[in-house]
Structure formats: C-alpha cells, structure tokens
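Note that chain A is present in both complexes that follow, paired respectively with chain B and with chain C.
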Partner chain A sequence: MAFTPPLEKYAGKIREVVIGKGDKVVKLGGHNAMPGCIFDGDFPNLPKIALEVFDSAPEDWAPEAIKPYEDVVNDPVAWAKKAVDVYNAELVCLHLKSTDPNGENVGADEAAQLAKKVSDSISVPLIVLGSGNAEKDGEVAAKVCEVCAGQNLLVGLAVEDNYKKIGAAAIGYGHCVAAQSPIDVNLAKQLNILLDNLGVPLDKIVMEPSTGALGYGIEYTYSVMERIELAALSQNDDKMQLPIMNIMAVETWKTREAKLDVDAEPTFGDLSKRGILWEAMTAVDLILSGTSLLIMRHPEAVRLTKEIIEELYLGK
Partner chain B sequence: MGLTGIQIYKLLPKTNCKECGEPTCLAFAMKLAAGKAELAKCPYVSDEAKEQLSEASAPPIRGITLGTGENAFKIGEEVVLYRHEKTFVNQPGYGILITDTMDDTEVEAKIKRLNEMFFERVGLTLTADFAALKNESGDPSKFESLTQKVMGLTQKALVLISENVDALSAAGKVAKDRRPLLYAATKENADQVGALAKELGVPVAAKANGLDELIELSEKLTSIGLKDIVLDPGNRKLKDLYADLHFHRRAALKDKFKPLGFPFITFPNEMTDDPMKEALYAAIFVAKYAGLIVLSDLDAHRMLPLTVQRLNIYTDPQRPMIMEQGIYEINKPDKSSPVLLTTNFALTYFIVSAEIEASRVPSWLLVMDTEGLSVLTAWSAGKFVADAIAPFVKKSGIEEKVDHRNIIIPGYVAQISGELEEELGGDWKVVLGTREASDIPAFLRTYASKG
Partner chain C sequence: MSRIILTAAIRGSHAIVNRVAKKVEEAIEKFGPDQKVELPNTGYYLPIIWGILGIPVTKLGDMPRVVEYCKNLLPPIPDEKNWLPYLGPGLDAGMATLLSYDMEEALKYLEDPLPYLPLAEDCDDEHLWLGAADDRIMRKRGVEFVDGTAPGFAAIVGAAPDNETAVKIAKELQEKNLYVFMASDHNGVNMAEQLKEEGVQLGWTTRLVPFGKDTSAAIHAMGFATRVAMAFGGVKPGDYVKILRYNKNRVFAFVMALGHVTDEWYAAAAGCINWGFPTIADSNIPQILPTGVCTYEHVVSNVPHDQIVSKAIEVRGLKIQVAKVPVPVSYGPAFEGERIGKDAMHVELAGPKAMGVEFCTSAPLDEVQDGKIELVGPDFKDMEEGSRHSLGILVTVAGRKMQEDFEPILERQIHHFLNWAEGVLHIGQRDIIWLRISKKAMEKGFSAIHFGKILHARFHSEFNNIVDKIQVNIYTEEDKVKLLLDKARTVWKERDERLAGLTDDAVDTFYSCTLCQSFAPNHVCIITPERPGLCGAYNWLDGKAAYEINPTGPNQPVKKGEVVDEKLGKWKGVDEFVYPTSHNTIQSFSAYSIMNDPMTSCGCFECITVVLPMANGVMIVDRDSTCMTPCGMTFSTLAGTVGGGLQTPGFIGMSKFYIGSKKFISADGGFKRIVWMPKALKEQLKDMLVKRSEEIGIPDFYDKIATEEDATTEEEVIEFMNKVGHPALEMEPMM
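Let's turn to the complex of A and B:
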C-alpha cells in the first residue's frame, strides 16, 4: 500500500501586502502554509530580500561588510543604485541613522528629502526606517510620508510609543507601515490591533517581531515567528495574518563572530567567510520560521540566501 | 503512548495489592497512561503485558545511540514538530566524511579536526560528533584498513558507508565495539546487511529511492528483528528532502506510523560542491528534523555557526528568559577587578557576559532584577533608575568583594550617572560603559590597563 504523505491544510491565509507603486512593486505574503511547505499550500510570493543603505558612512562595520560598498558609503543615492543595479536588491532599505537625537540629530525635513531622492533614483520599492529613537522616528517617518506622498513606501518603525503619528501619516499619504514589537506574540498582535483601530488597513502593515542574530537570540525570534504564522494559519487569527519582516543585518554584523579576526579569536576560522555565513545562516533560520522580507547587507550572503529560497520553493 | 488507562488496566493483574504505591490497579493504570508512573513498580505484571506496554509506550521516533563512552551520543526521541510546543530533545550529530581513497595525510588532518575542533559557549563545549567513513574504492580490504586506522586515531563515533556487503562486513567487524552505524541496507542488499547488523548488534541505516521504498525497507529490517534503524530517503535535492523530512516527522508523531519512526540521516556533502551552501543545508536540517548530518569537512568558520545553530534550535524554550539577580564572576575576578552592571533579561545577560568573557578581563557582573526587561526598556519603565539601582548595589554584597568603588553602567543609560552617584554615596564613582555589548572587550581592555 502506497504511503499517503500527511498534509496540513489551514483555514487561514497571510494577507498580501503590496509595497511600491506602478512598475516598481513588490508583493509580500499571501501564503497559506508554513515556510517551505509547498506540498501543503500556495506561496504566491517568495520571501524577498532588501539591501541596506545608510544615510551616513558606517563607522564600525566589519571590513568584509564594507568592502562591497566602499566606493559609495558617502553617497546614499549612489549606494542605493549600486545595491539595485550591481547586487540585484529586490527592495532597498534606507536607515536614517543620523536622525538620532543622541547622535547627529539630522532634522526630519532633511532626512525626508534624502528619502525622496533615494526613492526617485531606484527602480525598486523603498523601505525607510529611522534611528530607533521612538519619538524622533515618529516625526521623521511622518515627514517621509508627506514628502514621498503616494509612493507607497514601507515606513517605520512604528512602535507602541509612536504608532499614532506614523500610522496617521501612512494613511494620509498612502504608505505601508513597518510595525515593531518586543519579541512576543501577544504584543505583536496588540500593535496590529492598535494600528487597525487607528484606521491603518491590515494589508498595509508588515510586522517586525524583533530580530536576534544567530547566537544572539535567534531562537526566540524563530519561535515567536512560528507561533505568529501558526496562529494566522491554523487559528485563522485575522489580526495575525500579516507578513513578517526582519531587520537582521544590523544584528548579525555587530556580533563578535562576524567581526573579530582570527588573531583575536584563533579558533573561529576565516573571518570573511564566517561573517557572510553568520548572516546567511541567520537568514535561513528566518526563512524557516516565516519571514516574508529580509533586510540584508552582504551581497554574497544575499546570493546564498536567494539560492536557498529558490531551491526550497521552486526546486531549482 | 497511545494506550488509554482502561486499555492498560486490562493488562495489569487487577489484584489491587497496593505494592506499587497506588490504591488500585486502575489508579496505577491511569498514572501510567499519563506518563506519571513506571511499569516497573508493579511486581506482578506478566512478561507478555510488559512487552505490549513497552511497545505502546515507546517514543514515536526511536532513540538511537552511536559511539561509546563519553563520545556516545543519542539521536531521535523527538516529540514535537515545532520547538515552542515543548522542546527539541536530542541534538543531531555532525560528522566529517573520510574516504578510503584519501591519502594518510588527508585522513590524519581530517581526524585531527574532528578530535580537536571545539568552541566554548555559555559554559558548554561544542564539537562535531562522528567520522563518516566511505568505501569509495569499492575494495573491502582498503575500507577495512581505513576503519582500522581511524579507530586508532579517534574515539569518536563512526558511520560506515558502503553498499558492498563484504566491505561493510569487514569494516563492521573491526568497529563493532565502537557501536558504529552501518550505512546502508538498500533494496538490493537488505537481507545481507540486515543479517550483518543483527550479527554485530549495531544500528543500521536504510537507504531508498523515495519514501515508499524506504517504508518497505524499514519494515523489512524491523521484521528480521532489528530495532536500531536510521533512514535515508535518498533525495539529494533540498525541496524533496525537506518534504520527506516533514512527512517523516508528521507521520511518526501524529499517526504513530512505525516504519518512519526512526531518525533520518542527511548528506549535505552530496548536495553541493559549495562549502557555504553545504553549511546552510546543514543548518536547515538541524531545524527541520535530521538526526545525523554528514559534512565534507570541518572548517572552523563553518562549524562555529553550525554548532551555535544547533545549540540555539535545541535550547529548551520553556527555560525562563530571566536570570537570577546577583553577582556573576567572569574570568576569575579579584578585589581590584572592574564591576559592571546590567539587567536580568536573559539575552542581555548572555550577550554582555559573552563579551566580558571574550575580553579575558577578570570582572564582576552585577545582574539586577528588572523583571526580565532589557536595559533601555527597563530604564523607560522606571525599573533601571538610580533609586532602584543604588539599594540593589548596596545590598548585593559587592562592597565586600572589591576594594574599589567604581561601577560601570551601560552606555544607554548615561543620563542616570549623576543621580546614581548621589544615591550610592560614599566613594562610589559611576563610569559610563559602552552602548553596544560588542564594544565591551575593547572598553574593558583599555579600562583595565589604566588600572
């Protein structure tokens, strides 16, 4: 008697979120089965990869991570173009790091103008994130929404303390919201509910569950994401049926495993390959636990990750 | 597993003798069904009932031990599909491929890596687990002498790879006391390889073309009385193998489907020539359901992330994310060693302590109970502020352990320095530390060298 493979059919489905406008559009989510389980359901959109661009030259990056961008780190527009034209980024993620009030404290207007310039000069959709200071991020994101009106960017990070400001601006000017909650299933759901109550359509939100790197909390992120996806699919929980994104490169490349050379850590082996693998392996864990959008850094890690996605879902 | 209390009750003596500690046989049966009692507590249970019950209570995926002594490791016995449902139990083994066509130098270099490569992390030593010896030459005597040689070079577990029964038999006889895995019984040789495994009393792997054939092979090996079986569905394409691994885990756990209730062996080394890609396949199989993972080589830059991957995925998620409040000694501190302060969120603690450890500077780490909140969150919630920190530091006992009065606080809470110094009073000085944990080693080295 032939074996009948045990399949899992779910009642729920992740919403499809569209980022960008016109001929530069990327679709996230839309699947109705757990990661890689193409035998169980449909995956109209495979996980996407965005490359990072910073608004000022990074100071403390690992040499291996800076190398691919050496010629463009002082020019965010050129950097974004290189990410798309040379490294085939599916989206670009602009980190407005210099808006940090404890750092350079660049104003919202100036930051928003830069966002527009970057957005106008690339052929893929743009993600715009602040410095991680909730109050200032609200101000900056609102301005970005206004200046880039109608472009349907993915703007964030909306957190509990600033979601009203970002949510309202995103509704008003036609953008999507990147909503970050502190590594907890219920808090993730709660922020979605708050944004929903505010009037942000649920198909305009992408969840960032707080991302840990391999060796630095990946297991928490991994399980929170699996639980979110399962709640969305098997419990058909409407407020959880949103695609997940992970701001992961920042986390992976600050680990000592990705940074310390073999003189400092004699047992760790080749640094350049180690850093790339640290990023790619973190990406693989996030794919297995349900990401729809990875924010990555090293082109070689991106190539490896993309190949894994295509092999897993398309059998390449 | 699977039997109800009533079904178990029918197999018990029904004398209510109370010698098991329960008032009645029925009560005992209920406890057995719930997994809260051991059958061995009943002195009068028949052998026949014992066999039926142990069969029914066997784990849905059989546990298999390879190797011996301190190099033995167990795979299988997994009980969940998702780690958050309970936990993953037995970490998959990593192995290095060695063939009988490699020259002595290469064999020795590979075994050296297997023996000597290790990484220290959270007080654990992370290593690879076995050598996979392959009869590439097709010559049984070469395979036998490779096995002999490797037995002399390492105490680690062995997987013996050949479809040639004579070669497997020769190597198996040499290695049998090491409890090796014989790989593999196939459609063509299952009778002979099965008989060999039985004769030697060692685990055997079944290799097939697809799950249907694998199930037949598994049933065949079981029917000749073999219990310790490992499975390989033969697929070497990620998409297909990923499906097989899922079907195996689901069928074993949800349907109690015995023929697939054994650990799987995977071969990332046969799936690609790209070592980086190979490592990513291995990482996937750690998360998704492999018991054994064969790699082409053990390079530090691949094994470090892979051993950490395995540690992370197999960490028990039920473990609280909170550390106990108190003083933690790192790198054997003394009275003059620096004192650092952080919160008791487990991840914060883990990252900070790992960095201090990496700095090799002997240090005292004060971990304050902030109800598991990280530094910034705890500060904004009013739990990591001067008038809470000062009493904690005073009562912690650190003043007896060091002869200085300097405390290093996280760079993110610079704003509390002044107030904290005031609250602490006496000679206490607050030193501003780094914002990112990754900058701690550089900071501590400079700080320590200044005395």
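Let's turn to the complex of A and C:
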C-alpha cells in the first residue's frame, strides 16, 4: 500500500491585506496553513520584504549596514528610490525617527510632508512608522494619514495608548494600520478587537507582535507568533486572522554580534559578514514563525532570505 | 405626554413636506429638470437622501421622486380625540422632514447671491453662515469623533434669552470638547448672532459652527453625522438601519432647543430621534421620557440654562474625559512608594492618633454635581507645621450603570489615586487611613481641594463606564469627620454582611479571568463568590465591576447554566466557557474538588493545597513559606509542578480566602481535611480558621492542624493526627 502523508486541515484562514493603491500594491497573508507547510494548504502570497529608510542619517550603524546607502543617507527620498530602483525592495518602510519628542522632536506636519514626498517618488507601497513614542506617534501617524489621503499606506505603530488616533485617521483617509502589542497573544487579540470596535476593518490591520532578534528574545517572538497562527487557523479565531509583520532590522543591527569588531571579540569572526548573516538568520527564523512582512536593512541579507523563501514555498 | 409632541411634529412635517414640494416644482420650472444640484465638494450627494434612501440626487429632476417618497412617509394628522400616542408615525414624520430639508437646503446653492460661505472653515466679518461642510472638513472633524477628541456635537436651534447665557452655554460645550452646530432662530435671533455680538470667534476651528438661520439649515448637522457613518463606519448608502445605529452608538450628539418650540422644531426633533439624538429644551414643553430609540430619554424639557449642558450630556450618555490630573505637583505611579519622614512633613492627617475616614457612596444622578469639590475646615496651609489633624473624604458618585456593589471597589482605589501625587503619603483605607503632606508639596501650593481634583479626574478616567458624575467633600473639622465616620461605619457593616452573604448558589453568573494567559496560555480562573481568583486579588465583585468597566477585557461573565454535578461544583455553562477559553485543553472544571477535574493554576496562587494520601487529608502551604512540607517538596518546587495551566488532580493553587470558604474542597470532605500548614500562615489566618472550626462543630479543630513544628513528613503528620484525634482519620478515603 502506498504511503499517504498525513495532512493537517485547518478551519481558519488568514485575511488578505492589501497595501498600496493602483499599480503599486502588495498583498499580505491569505494563507490557510502553518508556515512553510505548503502540502497542508494554500499560500497565495509569499512573505514580503520591505527595506527601511530613515528620515535622518543614522549615527551608530555598523559600517557594513551603512555601505549600501552611503550616498543617500542624508536624503530620505533618494534613499527610498535607491532601495526600490537598485535593491528591488518590494515595499519601503519609512521610520520617522526624528519625530521623537526626546530627540529632534520634528513636528507632525513636516514629517507627514516627507512621508508624502517619499510615497510619491517610489513605485512600491509605503509603510510609515513613528519614533516609538506612543503619544507622538499617534499625532504623527494621524497627520500622515491626512496628508497622504487615499494612498492606502501601512501606518503605525498603533499601540494600546494611541490606537484611537491612528485607527480613526486610517479609516477616515483610507489606510492600513500596523498594530503592535507587547509580546502577548491576548494583548495582540485585544488590540485587534479595540481597532475593530473603533471601525477599522480587520482586513486593514497587520499585527506586529514585538520582535526580538536572534539571540535576543526571538524565541518569545516565535512562540507568540505560533500561538497567534494556531488560534487563527486551528481554532478559527476570527480576531486573530490577520497577517503578521516584524520590525526586525532595527533589533538585529543593534546586537553585539552585528556591531562588535573582530578585534574586540576574536571568536566572532569577520564583522563584514557577521551582521548580514545575523539579519538573514533572524529573517529566516521569522519566516518559520509565520511572518508575512519583514522590515529589513541590508540588501545582501534580503537576497539570502529571498532564496530561502523561494526554496521553502516554491521548491526552487 | 408624548401625544402632544407627536401631534405637533406630524403637523409640522406636513407643512414642511408641502412647502418643499412646492419649492422643488418652482425650481424645476425656473431652471429645468437637468439643472445640477449639489452641495460643495462632496462625494455624498445630498447626504441624508443618499445615506438613508441610497438615491443619488444630482439634478433637479431627481427630486420629485424623493418628494413623493416623503409624502408617502407622512402619517395622517392625528385626530384630536381618538388617537393613541405612538412613536412610530412621529418618527416617520420626522424622517420625511429631514429628507425634505435636505432638498430645501440644496436648492439654496442655486440662489444668487449664495447665502452661505462654501468651502470655508471659518466665518469672516461679512459672512456668518457656513452652510454644509465639504468632505475635507467632514473627514478632518470626523476623525475626531472616532478617536474621541471630540465625542460629538450639540445641534442648537434658536437663541439663548440673552448674550451672556449664550456665551456661557457655548463655553461649557467647548470645555466638554463638543462641536456646536447652530441654526434656526427664536424671535428672529440665532445663538451664533449672539456669540458674534460678544466677539466670540466662530467657525470649525473654534468648534462653534453657524450653519444657517433657517430651521432647515440644521440639516447640515444631520448630513454631517450621516456622512460620518458612511465614511468611518463603512456603511453602504441606503443601509439606513446601519447609518442610524452607527449614529446612535457612536456619535454623541443631541439637539438643544432654545426658545419657543414650533411645530417645525418638533418635526425636526422627531427626525433626530431616528438617529438616536435626543432633544433638550429650555422651554416648558411636554417630555418623552421612556427609553426606546435613544439610549435614554427622548425629549427632556424645562431645563434651566445653568444645567442644560450637564443635563444634555447625561441624557445622551456622554462620557467625560479629564485628560490631566490638575494638581501643582507631579502625578504618577512613580510616586506610589514615596516615603515622607517627620522632617520633610508639613502635616499629618488621620493615622493612629487622629480620626480618619475615606468613604465612597453613590447617589441618584440629579443629586450629584459633577466636579463639585467642597472643603469644610482648615486647608493644609492653615495648619500648623508638624501638627496632626483629622480627615474625612467623602466621594459621591452617580452613573447610569453604577451599582451599589461597585462602591467598595471604587473606595479601595482612593488609596492609589491619592498616593500617586508627589508629596502625599497615603496608607490604608476606610477608617484606618494615615496621610502625610510634604513641605515640598506645600511650597508648590498643594491644597486639600487637590484631593478632590485628583479623585474627580481619576475616577472619570478609570471608571468611565460606570461613573458619570463625581463630587468630593473633604472635612478637616473634627465634628464633621466624626459624623462621616459614624455614617460610613454603618454602611461598611452592611457591606461586609452582604459580601459574607454572597454565595455561589445565590448567583447565576460567575466571572472568568484570563489575565494570566500571558504566561500560562491555557489557564482560566473561574471566580465565584465563594472562590476568588487564585491570586487572591480578584473576587467575584471585582470581576463583575471589571467587566462593566472594560467589556472586552480579561474578565467575562460566565453563566452557570444547567447543573452537571452539584457536589463537585460543575455547571454546563462553565464547562462550555472553559473549553474554548483554555484553547480546547480543559474539558471540565469542578469548583469544589481537588481530586476530580480540579481548577487549573497559572502560577500566581497565594497557596497550594496538596493531598496527603496516607494522612487522608490535605496540607496547605503559602507563598511566603520556605520550609520543607510533608509532601516532600517546598513551596517553590511545588509551584513548578502545579502551575502552567495544567489540571493535576491532588494539587490546586488557590487564594487564602478560599480556605475559610464553606466551599473549600467541599466535594472531598471540606475544611475537616486540613491536616498541615506552616505556622506563620496558620497564625495569620487564625480568626478565620477558628471561626470555621466552630462552624463545623469541632471548636478545637484549629489545634488539630499540624505545623512544621509538629511534623515535616507525612509519617510525622499521621503520628500527630493520631495524637490529637484528627477527624480526617475517620473520613472515607480521599482516593
């Protein structure tokens, strides 16, 4: 008798979230099986990768991370263009880091104008994130929504303390919301419910479960993501059936391993390869955890990750 | 008497529909049916007609169809004698009125000169009336409705009796972050004109928006609300049920009628009831009080001007937000652990050597004045440095959803709320409070009144769902404190008795807690009156209040449902809740058994109860204990085995309170099974244990419980049991 491999059928399916408009759209999610299990279900959209761009020149980056962008770090628009035109980014993620009230404290209006400029000058959809200060992020994101009305950006980060501001503006001006919860399944679900109650359609939300880098808590991220996916697929939990994104490059590149010179830590090996591999390894882990969207930094790490994605999902 | 109102409304609507029908006819005659009609820059056509009927009116020729619709909607004018008051026809009449107004106002945009200032956000010197908001304004302002920056609007028709009152009402509404939409007139004057005369800036920027002087211009408020439902609620045009429901549930709007209420006003007010917007009037007209379409009352009248805003807010069920705690010192959890030594202290309040009382009670809505803070006796600055004074704090709250059961929960919060202020030390609750105010706080101008400000702000922000009004009385005068103390003590006694009388059998709903799923993913606590959450921090009343306060939170009501096993404490409703909530891992829960499907533990338990099979009883060990226990494991080793949301017969994690409960493992023999506990725990719970010993008819049972001084192994426990004649030895085997 021939061997029939056991198949796992799931009751639920992840919603498909569309980011962008017109001929620049990217679709996330839509699958109905656990990561990589192409024999169990369908994966209409493979995990996507966005390259990140900062609104001001980064200061303490590893030399290897700076290299690809050396000529554009002072010009976010040029940076975004290079990410798309030279490094084939599928999406661009603009970090409005200088809006941080404890830093440069750039105003919401100015930040929103920049977001618009970047969005208008690239041929792929844009993700816009704030500085991580919940209150200010709310203000900035709301302004971004208004200024970029109708472009269907992915804006964030919406957290428990600012979700109303971001959610309301996203509904009003037609955008998607990136919703971040502090590494906890129930809190992730609760934020989805809150956004849903506010009126944000569930197919316009992407979850960010809080991302740890390889060696720095990635196992927690893995476990939360697995549980979100299981709740969504096995238990058919409607409020969990949203694609997941991971803001991972910022985490990866601040690790010791990505930054420390070989002289300081001889057993670590060649620094120029190390950071890239650290990023790529983190990315692969997150793919196996069920991500639909990665925010990455180094083009070479992206290339390596894409290879794995194709191998995993397309058998190439 | 709603009959008079509805009759007037229906009469009014007939007049309006006929007038508009005529105007439409005339306009078609003058401009032809192909003449375009539109409101400035909107994708929602004539918004009421588009939203409610799904008909896109773009030219005059589209209007007769809508006029016909309105005529069909009109109920006959009620017969003076034989007519039963009924809201339905009145609502239809109101709807016909608003649909007609939508056309009447659109026709104005064909007039020359145009009576409105289209596309402008603010009025200028010549133009007071703005007319319909365009989509840009609607989106920008609508966002505020959704994110809560502006909870809603007051649609004001008419004018205040004088300019001063107009300004006062406008200010008060602005302070509540509400938009003020103004239309129509009373004796030829509109409130916007009154405000303009007083030099108040008008327009969207100041949230005081003059729409127009005709009553029909009030339609721009409704058009705005209707567009918000389509733009933000994703409601499809023509899906009138959803449009109306969205507005009722999410847009906190109401009509404020200032001046003589005409038939036409009645008709418009009836229309607004469809959207869930009640009318508050300053004149003496009949009321429609019973709840039905609107959240609470429909028409409330004869309200004095100094109360009209707060009444409107109450009737519409609007929640007040106080963004920042208004005190001159820093405020936040960081100051909770702050100590104030003798040298740093300005005064001491209450404490062991003076009287003190903190008491929270509830009262009917009209007896509480929100934000009122009263001090009787000297303020801190008038107290001698280093002196000691008595203190009484009385918090009186009112709310539509407030229940007496919530009073103690609110009262317990007073401690945290006050302690968060920098320079305030607060210890204890009820009549054992003890406070110190630091010299530094005094330098910054801290006053006894600020206690009231803190409590007012924090109760509003934390208990928004159950509390609508908060008033605080502070007493530093000896006799007043005494009076309050006496009163509070009587109430506390009643409360304690009531809590003691609350049993599992007496309620039909338990509450769940899934707070701990963050680290024990499949764990669920079922909280019953006689078995609190195992962490000891949540009892049944807390669960109930927490659910009212945050309906999507971790505490959900669990209907007991059919009894599956009375002795074990199993109910169908509980099992049906636990299974999916534990992610399909726990099939059934017994509330009263340690052996048979016991409740799971996350890891937060105050103590652990373990079966000692040879002793035929149980031992209890608490978190503070470090000693070896007769089961061969210390608390910390046990904790590792019991936690994680697993169902382990023979082991349960639980609260200390549960030990003294009549339901304590009652299915397995109950209290009599206790054979061992650490000495410190036993002494800590002495009163409770002795009381239970008496209740079970073995008054010296307390002494039959061994401690680590008597036994550290199961064998030694048995020896001790034999020596004291422990009842468990005679009971049927546990396993």
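Heads up, the rule we're going with is that the second predicted complex is superposed on the first by the 316 of 316 C-alpha atoms of A that agree within 3 Å, B and C clash if a C-alpha of one lies under 4 Å from a C-alpha of the other, contacts with A are read in each partner's own complex, and residues count from 1 in each chain.
By our rule, a contact is a pair of C-beta atoms (placed from the backbone, for glycine too) under 8 Å apart; a residue touches a chain by one contact, two chains touch by 3 or more.
Note that the structure is a prediction, hence the values are computed from the model and not measured.
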{"item": "More chain A residues in contact [chain B versus chain C]", "value": "B"}
{"item": "First, second, both or neither for A:199, with chain B first and chain C second", "value": "second"}
{"item": "Chain B versus chain C as contact partner of A:227, first or second or both or neither", "value": "both"}
{"item": "Which of chain B and chain C A:288 touches, first, second, both or neither", "value": "first"}
{"item": "First (chain B), second (chain C), both or neither touched by A:218", "value": "first"}
{"item": "Which of chain B and chain C A:186 touches, first, second, both or neither", "value": "second"}
{"item": "Doubly contacted chain A residues - partners chain C and chain B", "value": "227"}
{"item": "Parts of chain A lying in touch with chain C, wherever the complex brings them together", "value": "142, 146, 149, 164-165, 167-169, 171-173, 184-187, 190, 193-194, 197-199, 201, 227, 231, 235"}
{"item": "Residues of chain A defined as touching chain B within the complex", "value": "2-3, 5-6, 8, 36-39, 60, 182, 212, 214-220, 222-223, 226-227, 230, 254-257, 259-260, 265, 267-271, 273-274, 276-278, 280-281, 284-285, 288, 304, 307-308, 311-315"}
{"item": "Chain A-facing residues of chain C, complex", "value": "139-140, 142-149, 231-234, 250, 514, 517-518, 521, 552-554, 580, 583-584"}
{"item": "Parts of chain B lying in touch with chain A, wherever the complex brings them together", "value": "82-84, 117-119, 121, 211-212, 215, 237-240, 242-243, 246-247, 250-251, 254-255, 276-277, 279-280, 283-284, 287-288, 299-306, 308-309, 312-313, 315, 317, 321, 347, 350-351, 354-355, 358, 377, 436, 438-439, 441"}
